[in-house]
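Letters are used for the chains, namely A, B, C and D, taken in the order the chains are written, and counting of residues starts over at 1 for each.
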Amino acid sequence: MFDVEAAKAAVHAIRLLMDENQERLIEVDSALGDGDLGLTMTKAFRTADEQLSDSDESDIGTFLAKAGMIMAKAAPSTMGTLVATGFMRGGKMVKDKTELSASDIASFFRAFSDGIIERGKTKPGNKTIVDVVDPVATALEEAAARGDGVGALVEAAESAASMGEEAARQMMSQHGKAAVYREQTIGKPDPGATAGVLIVRGFFEPVRSMNR
Amino acid sequence: MMKKFLNRPEDFVDEMLQGILAAHPDQLKYVADDLRCIVRADAPVSSKVGLATGGGSGHLPLFLGYVGKGMLDGCAVGGVFQSPSSEQMLEVTKAINGGKGVLYIYGNYSGDIINFDMAAEMAELEDISVASYVAGEDVASAPKGEEQKRRGVAGIFYVYKCAGAKADEGADLAEVKRIAEKAGASVRTMGVALSPVIVPEVGKPSFTIGEGEMEIGMGIHGEPGIRRGKLLTADEVVQEMMDKIIPDLPFGKGDEVSVLVNGLGATPREELYVAYRKVAEILGQQGISVFKTYVGEFATSLEMTGFSLSVCKLDAELKALLSKAARTPFFEQVQL
Amino acid sequence: MMKKFLNRPEDFVDEMLQGILAAHPDQLKYVADDLRCIVRADAPVSSKVGLATGGGSGHLPLFLGYVGKGMLDGCAVGGVFQSPSSEQMLEVTKAINGGKGVLYIYGNYSGDIINFDMAAEMAELEDISVASYVAGEDVASAPKGEEQKRRGVAGIFYVYKCAGAKADEGADLAEVKRIAEKAGASVRTMGVALSPVIVPEVGKPSFTIGEGEMEIGMGIHGEPGIRRGKLLTADEVVQEMMDKIIPDLPFGKGDEVSVLVNGLGATPREELYVAYRKVAEILGQQGISVFKTYVGEFATSLEMTGFSLSVCKLDAELKALLSKAARTPFFEQVQL
Amino acid sequence: MFDVEAAKAAVHAIRLLMDENQERLIEVDSALGDGDLGLTMTKAFRTADEQLSDSDESDIGTFLAKAGMIMAKAAPSTMGTLVATGFMRGGKMVKDKTELSASDIASFFRAFSDGIIERGKTKPGNKTIVDVVDPVATALEEAAARGDGVGALVEAAESAASMGEEAARQMMSQHGKAAVYREQTIGKPDPGATAGVLIVRGFFEPVRSMNR
């Protein structure tokens, strides 16, 4: 259901979403950090999209890992490197395949989330992108186990992402520049979580449009 | 209004690096076809642990200014206030590995940590042993008991200096790391700022400090400090800072220390010495003796007005290492 | 609004000196019971010509910052931007006379000249031979042909360095003076300023430079420059300065020079290197090679924003002297 | 006619004149220089007055030279040192006397003026204090040669001082901070000349009051 062409379309879709939401990302990151997230996320996905759009890679895992490597180089901010790590670990997990099944996609997101947790020395609950991608991975695992169809799978992922973003808003930042604001961060959106939602939404865009 | 000597703001970091490389070709070079991967001109130095650092630009002499004899072997250079990439760190690592492994010494900022960890993982894949020491000694950035959350600022100078001298002795990676940890654990820093900075690509101040106000404990990227208040006299400011620094380690009667009075960018050297006068008085009163004082710019934040005080407790081992000669484009010291 | 780290403004100079003496007791001391009479800790050095300087405060490392091994023996320190007294100069002269006489090296400012001349007269009465060299190399301060009217600024560093190295060789007073004259005649300087300074006792800026404006050729006390105009790019400013400096000596194809990029106080080191990048490019185009580049703060004006460029033409003699090791509290160099 | 007590009174009188004219001196020096002249002149004469008021020196030449040495130490600005030099050279010229005759006073001012010329490496016509004290010395020499009485002597000196100040106003500054303003200095009073007039006026104050 999800081959390299879909992955290319996914990267492209995330790029468009980041471009569209650049101002909003700058805004939320300015409130808790240095405001660069709008720039680093657009740069990461624009570069990956440009460098991979005519790739002739057929291994979907290798393709996704490569996307991560490109992002690491292009956008070495915290989120740039975390998201890069996510793609690299997720890609490694689904190597030697030309197509991802529903449970492969769940494995990809689990490895994506675990990679960020390891790299960021964090866990769910610390008001980070993890609070979006960890519940997304769980939702996908459950949907795959239930044998959900594509529509239900996507819906499960996206609603987990939105709920995660909302939950993160009520948490207190523990990492990075935001951590110095402590209690003041409660009630404000986490920039990384916001970007995480866009990644999840863009990732499933090709599946969603195939399904229409 | 941005009053700076610049060409295109987006070229600022690379043009600065071109200037540094043009000025010090006998001391520095770049590798991997990337200006932002700076190493000693004679790298790799064989049979010596390689010391690498890295971090955002805008803090000269930090970070690349300490690459040179007796201190560091290489530095990955980021954009202004931004981490370099893990790939750049990896290139530096490969270029300075003299066969005894590489120690990363850098400040406690999450972007840097994440990238250095990634670089270490990649280096291990290339069979280079890597260890890391993350410096954090700013007492204003987290309370006692949460030392691992503290920012690394000017005090990292002592870590570079002592670890660099140890590496020169031919010590192995674990031993050099032990010295880095020991120096890092022996130093405490606190800063005060009077004015903000303008990041060239942003073009306007990222925060403000009111007329007649100062922020005690502010970080070098404008991280909020301990308190904001009306501008005090030099003596009052120093007293407040030393009252936080001394009990934190704690430093006490009979201790021998080195002091670093660090200008953040725009504060005249004259004022740093007015501040040091009070530091010396306070240390004298407490029976703490000063082995060596450094006054100048060691870790800055572009044109920020302010200064930081670092105090480093010395034992015979650290004292001997601190005393060794060093020569980098930004720091030169004869054997003491 | 004056945003400075100060106690009472009238104590500024003496407290700064107390700080300097506290920080560098192994290198400096004061004589005649007067903090403003600073000499090397080991003064007088016997069988060596003594080198003295002096001038107003507010220009660190100028003037006292170059007192130390391989450079100067003593310095009379004035109030902010004011000459020290002839009596203070005389006390320094007496304290550093090692039996071979004393050379005064100072900048071309009338208050300093008048006081040093008076001190020289008094010293001769005490049977100390004194010679003087008055440095002036700022091409913006008087046109070619009226070189004797030019202000001395950062270029005096080369005079101190070469004369200091010569004195260390045991040369006599006339010979050390010859080297001072030769180094002084080989250097040309020009500066640019973006913002004024506040003298602590005055408490407000003594002149203004409009938003978005710069003054090319401004002196370190705010003396008017060649022109005031809108802020140019770093490359444009450097080009305009080098276009004045190069034809003045003139420097030309095949020459070997040393370059000094000097920050006036508040300009970040990063920007100085952006400027040096263009200097190196221009010199390269003209076939002028650079033996040694200095970038940093060598002669400042409190928290003035701006920088100056100095170019010093080297022959074998000056090159050897410049290459000698030196160690002062503000300048340390290993043998090149 | 002019003994140490008169000299003490002269130093005191100059001090009072400097105090009274402090603001004006600051003003004229601010226009052409750094504005410190009001501070340095008051400091120079205040210190000399305080340290010499109970002096038991009887040699008038030594007394005047001492006044110069005190000023050199107290006020090391250009004018402070020049005026100090004037007193030292003038005093040396009239040493070993307990009283100055009219021609001694002329000698004092000639040495005063020549000392400044030598120290300042200047000559009349360069818009400095010399343009006041040189014509004063000439006027005193002529008056002494004519055998003028005290009243005429003082009048000759003071009118030469005022004319010198006025002449200096039309000159172009050649020295010190003012020199950078070149043509712009023409028409403006020279701060040093203004201070010079006060010195001459104060110097003759005791003579004038004796004569009243």
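Simple rule for what comes next: contacts are C-beta pairs under 8 Å (C-beta built on N, C-alpha and C of every residue); 3 or more make two chains touch, one makes a residue touch a chain.
Predicted model only: the values in this text are computed from it and were never measured.
*Asks:* Which chains make contact with subunit A and with subunit B at once?
*Replies:* none
*Asks:* Where the centres are mean C-alpha positions, what is the separation of subunit B from subunit D, in Å?
*Replies:* Result: the chain centres lie 58 Å from each other.
*Asks:* Go ahead and note the Å separation of the Cα centroids belonging to subunit A and subunit D.
*Replies:* It comes to 84 Å between the two C-alpha centres.
*Asks:* How many angstrom lie between the centres of subunit B and subunit C, each centre taken as the mean Cα position?
*Replies:* One centre to the other, that is 29 Å.
*Asks:* Select the category (line, ring, star, complete, other) that matches the graph of chains linked by touching.
*Replies:* Here the contact pattern is a line, an open path with two ends.
*Asks:* Please list each pair of chains that are touching.
*Replies:* A-B, B-C, C-D
*Asks:* Quick one: which bits of subunit C touch subunit B in the complex? Just the residue numbers, please.
*Replies:* Contacts found on subunit C: 1, 3-7, 12, 15-20, 22-24, 57-58, 60-61, 194-195, 211-212, 231, 233-235, 237, 261, 265-277, 280, 293, 295-297, 300, 302-303, 305, 307, 325, 327, 329-330, 332-334.
*Asks:* Would you tell me which residues of subunit A are touching subunit B in their complex?
*Replies:* Where subunit A meets subunit B, its residues are 34, 36, 72-74, 76-78, 81-82, 85, 119-121, 175-177, 179-181.
*Asks:* Touching residues of subunit C toward subunit D in the complex: what are they?
*Replies:* Residue positions touching the partner: 78, 81-88, 110-111, 113-115, 117-118, 141, 149, 206, 219, 221, 223-224.
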